[in-house]
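There are structures below to look over.
Shared between the two complexes below is chain A, which pairs with chain B and chain C, respectively.
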Partner chain A sequence: MMGRLAIVLIGAVIGAVIVLAGPQVVSDFWVFVFIEMLVFGLYAVTFNLLLGYGGMLAFGHAVFFGVGAYALAILMKRAGLDVVSATVLAPFVSASAGAVIGYFCIRLSGIYLGMLTFAFQMLTYTIVLKSYDFAGGDDGISGLKVSGFAGTPCGFYYVTLAVVALSLFALWRLVHSPFGLALRAQRGNARRSMALGINVALHRWLTFIIAAFFAGLAGALFALANQSVFPGWLNWTATATPIVMTILGGMHSFVGPIVGSIIYVLLQTWLTGLTEYWALFLGTGIILIIMLLPNGVMGLWRSRKS
Partner chain B sequence: MDLLSSFDWLLNPVVLTRQFMAGLANGMLLFLVAAGLSLIFGVSRVINFAHGAVFMLGAYIAFTIVSFAGSSIPAFFAALVLATCGTFLFGAAFEMLCLRRIYRSPQAFQLLITFGMVLVLGDAVRLIWGREENSIAVPEGLDGIVRPFGVSFPVYRLALIGVGVVICYGLWYLLYRNRWGMLVRAATVDREMLQALGVDVRRIYTLVFGLGTGLAGFAGALAAPIVSIGPGLHAEVLIDAFVVVVIGGMGSLPGALAGALLVGQANAFGTLIFPSFAIVVPFIVMIVLLIARPWGLLGKPE
Partner chain C sequence: MSDPILSVTGLNKSFGALRASNNVTLEVQRGQFHAIIGPNGAGKSTFFNLISGFIKPDSGRIRMAGQDVTGWRPYRLFRAGMSRTFQITSIVAELTVLENLQVSLLSYHRRLLNVVGNAGRMERQGAERLLELVALKVDLDRRAGTLSHGDQKKLELAVALASEPRLLLLDEPTAGMAAVERLESIRAVHDIAKRLGVTVVFTEHDMEVVFSVSDRISVLHQGGIIADGLPKEIRSLPQVQQVYLGEQLEETKG
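Showing the complex of A and B:
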């Protein structure tokens, strides 16, 4: 027991040192990789809020990430807003999209819910692709410059770290609140939850809005990190990213998707540097992981614990 | 007046017939892909994201055979057979080695494993055939143009429609007039009951997955002379097939036919009516149907 506690403590200290001091010593390329891990960690947690806690497989979840990113870009480039206001407003735009899309999705179950989110994602994608004047078409929108302290890669990393940490803390509080318990209860048995007086539809809807809010925030941060947005973030191939991260880390724990995001980003960075055919290895990896590690990395950790 | 003049094709029977026939040919091709997708979903509840990639594989196999053996009708026929058998075996093997182990896992897993296969197939195709776009000629003897009633129309597309009708009839016979088909339909309703009755359900799952991917590969080979064969071929086909399956009802074969014919016509006429917005229409239809009638036009509510 002491051994395990010691491992966790040492791990936490090493983790904290890497997270806080790491970007000071590595190159800008790796700072960007760090930022990517943070942003996709938050993104994957919002996906798992719907899947792991709410029991809703929203495989068009990329729509919220994309809407957040495009909202930021359009607010900055078309409406002329400054970076801070655009970043603050973008998640509200994606939350509104979540309200509309979620309103229709929560009535459906299983694969139909997933298909509907996917249809919304593809609709948004085609609109973005066709609208050159407003959304930049297949070129996307570039030149999203950040100035001041956050203008350097390192500065932007710390800002992202603070925003993501605060968001994760808020989401952690949410899933451990009575709201989170009710959400998990309806996942287990919707009818019984209703009989207990839980407003299942409202819980599911609010979850959609909250997940869309933070996914949009992740999208906006990623747009700033890249200084541009691309329609590919909304295409059907972008669907898999949060699902892979969630399953890789484990959908039955809060930190699972974050762990999954770290592993996924590291793996992708390593493979893209190694070979042109990285997707071949990534795909093989996905297939193997699903067959060999059904509960994800965190599941492995837990089964060793017991 | 400009508005009217831009719509004067509406009164032109030649244009109308030509668009209708083109839509029919594409609809038939789409049916072959969507039927497999729908069949697989109906039996195993798996949404096969790799279905478009298998279509692409079929097209590439046809490309290879035709580049070696020339574009005579027998050579093309051999290409069709080999593409169908190859993709059938591929699908059956994928089901036996990967999918079979995870039917009891959450749906996200099944989705993801087929997605992993999309990545693998996409890169495998680049590795084997390269990144460039390829094309093959329409088989000799089918490359002409016929002019019934003054409407000129490529013979190959007429042949496509004919083949589509034949396959459609074959599938109907296989599933609705045949003992094996009866078992497949029973498996879509109640897998456990069928197993309890002593039927080897696992084999049905494997064969249905193989049949579905075989149909996609066949469609890919059939489409090879009229599409650009490149590594991006799978995306559009997959999305179109998704739309068709949702419109018709997931798991419903008659629904897949109705949906495919509808989407074929919508693509043919949509580009004439509102060129810039035609590609948005399928998704709007998909959304409206999922909201109002999630089980599709011809499916049954669960």
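Showing the complex of A and C:
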């Protein structure tokens, strides 16, 4: 027990120092890597809210990330909103997408639910690609400038850190709340849950909306970090990112997807610097981790605990 | 006799050519321990699923305490005071004993849309009271799926009682138990129900169990009610004996 507590304490201190002071000492490139880890950590947690807690494999979860990113870009560039208003509104746009898509998806389960979310993702991708005037077509939308304190990479990092930390805190409360308990209950046994008064359809639908809200927020932050949005974020190749992160870190824990995001982004960054065949090595590495750690990295931690 | 807790009139349900429920009309009086018997395939499970809102009837009416609840979905019936158990024991295996009880209690208290509270600290006393009620002595933090079959049955009963139901439906409460355990188990359920004043409707295969605790018995056969009365009336009916004799013969054959 003592050993475990010590590991947690030392880890927390080192983690806090890296998270808070790290961006001050590293290059802008690495600041961007840090931002990516945070944003994708949040994104993967929203994916796992649906999968790990709700039992819903939202294969096309990237649609919410993409809609959030595009909502921000369109609100800024087409509607002329300032960056703060656009960032605040974007998650509501993706949540609305979650309400519509979720409405159709909650009635299905397993791979059928997954494929329907994926169909919505590809539909959105096609719309974005064909709409040059509005969504920029295959060029995307660029020039999403942030000014003031958040205008520097470091400043933007701290803003992102604050927003992601607050979002993760809200989601952490959610999964431990009565709502979260009912969500896990319906995943484990839908029939029992209905018989004990859970409105399973409503519960699943609300979960979709919440997951879409925070996934959209992650998308909006990522758009700002890149100062642009690209249709590739909605393409089928973007589908795997949150799934792989979640499986890498472990879907049976809240922090699993965050750990998965850190590993994924680090591996990707490191390998792209080493070889142009980085995708081959990244894929091999992920397969190895999944084969050796079927419950993800956090699964290793859990088995140590018990 | 004029104020039944459950009143079913002309209930029909077909699955393709199969009439799983054939013009079922039935009244259950308050406080009774009411058995629904019938051979395999008689439509007992369909009847249960119809009353508890898991399937919708093609026609007919279901009233609970005078209120028309036809077509209500399960969660709504739960809130109106109906609880049920399943033939195949149905608890949430990956949640702990405590969490299974908490989710039911929180549901009953309409707190499931609370998104910020710490569920782990809620309803602990209520959960302990329920375990005491069904005489289940296990570690609250144990995963429900690791309990023995009998203990899972008790937990399911406790979960069903969390809502202080007026009407409790038990689908084969002694299924999967050894013959010697069955009587003891149903008597325990009977005592709890009488103590709480809960009306119980249950299905059961074991005739010894049925006749030892029932206040009233209805016999289902091929989707329809063929007899309804006191245990001693039912026991002496030739058609019931015939149906059950046939059943027993088939069972020994199989």
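As a working rule, the second predicted complex is superposed on the first by the 306 of 306 C-alpha atoms of A that agree within 3 Å, B and C clash if a C-alpha of one lies under 4 Å from a C-alpha of the other, contacts with A are read in each partner's own complex, and residues count from 1 in each chain.
Convention: a contact is a pair of C-beta atoms (placed from the backbone, for glycine too) under 8 Å apart; a residue touches a chain by one contact, two chains touch by 3 or more.
Because the structure is a prediction, the values reported are computed rather than measured.
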Practice prompt. Look at A:L81 in the shared chain and tell me whether it touches chain B only, chain C only, both, or neither; answer first, second, both or neither.
Written response: neither
Of chain B and chain C, the partner touching more residues of chain A is B
Just chain B (first), just chain C (second), both, or neither: which does A:S193 touch?
-> second
Partner chain in contact with A:L174 - chain B first, chain C second, else both or neither | second
Is A:A99 touching anything from chain B or chain C once the two structures are fitted on A? First, second, both or neither.
neither
(message) Just checking: does A:V255 make contact with chain B only, chain C only, both, or neither of them? Give me first, second, both or neither.
(response) neither
*A:H203 contacts which: chain B (first), chain C (second), both, neither?*
second
First, second, both or neither for A:A182, with chain B first and chain C second: second
Check the residue A:L57 against both partner chains and state whether it touches chain B (first), chain C (second), both, or neither. first
Within their complex, chain A touches chain B through residues 51, 57, 59, 104, 107-108, 110-112, 114-116, 118-120, 122-123, 126-127, 130, 235-237, 239-240, 243-244, 246-247, 251, 277, 279-280, 282-287, 290-291, 294
Touching chain C in the complex, chain A uses residues 173-174, 176-182, 184-185, 188-189, 191-200, 203, 206
Per the touch rule above, chain C residues touching chain A in the complex are 52, 54, 73-75, 78-79, 83-84, 86, 90-95, 99-100, 102-104, 106-108, 111-120, 122, 159-160, 162-163
In the complex, the residues of chain B that touch chain A are 41, 45, 47, 98, 101-102, 105-109, 111-113, 115-124, 126-127, 235, 238-239, 242, 246, 250, 276-277, 279-280, 283-284, 286-287, 290-291, 294
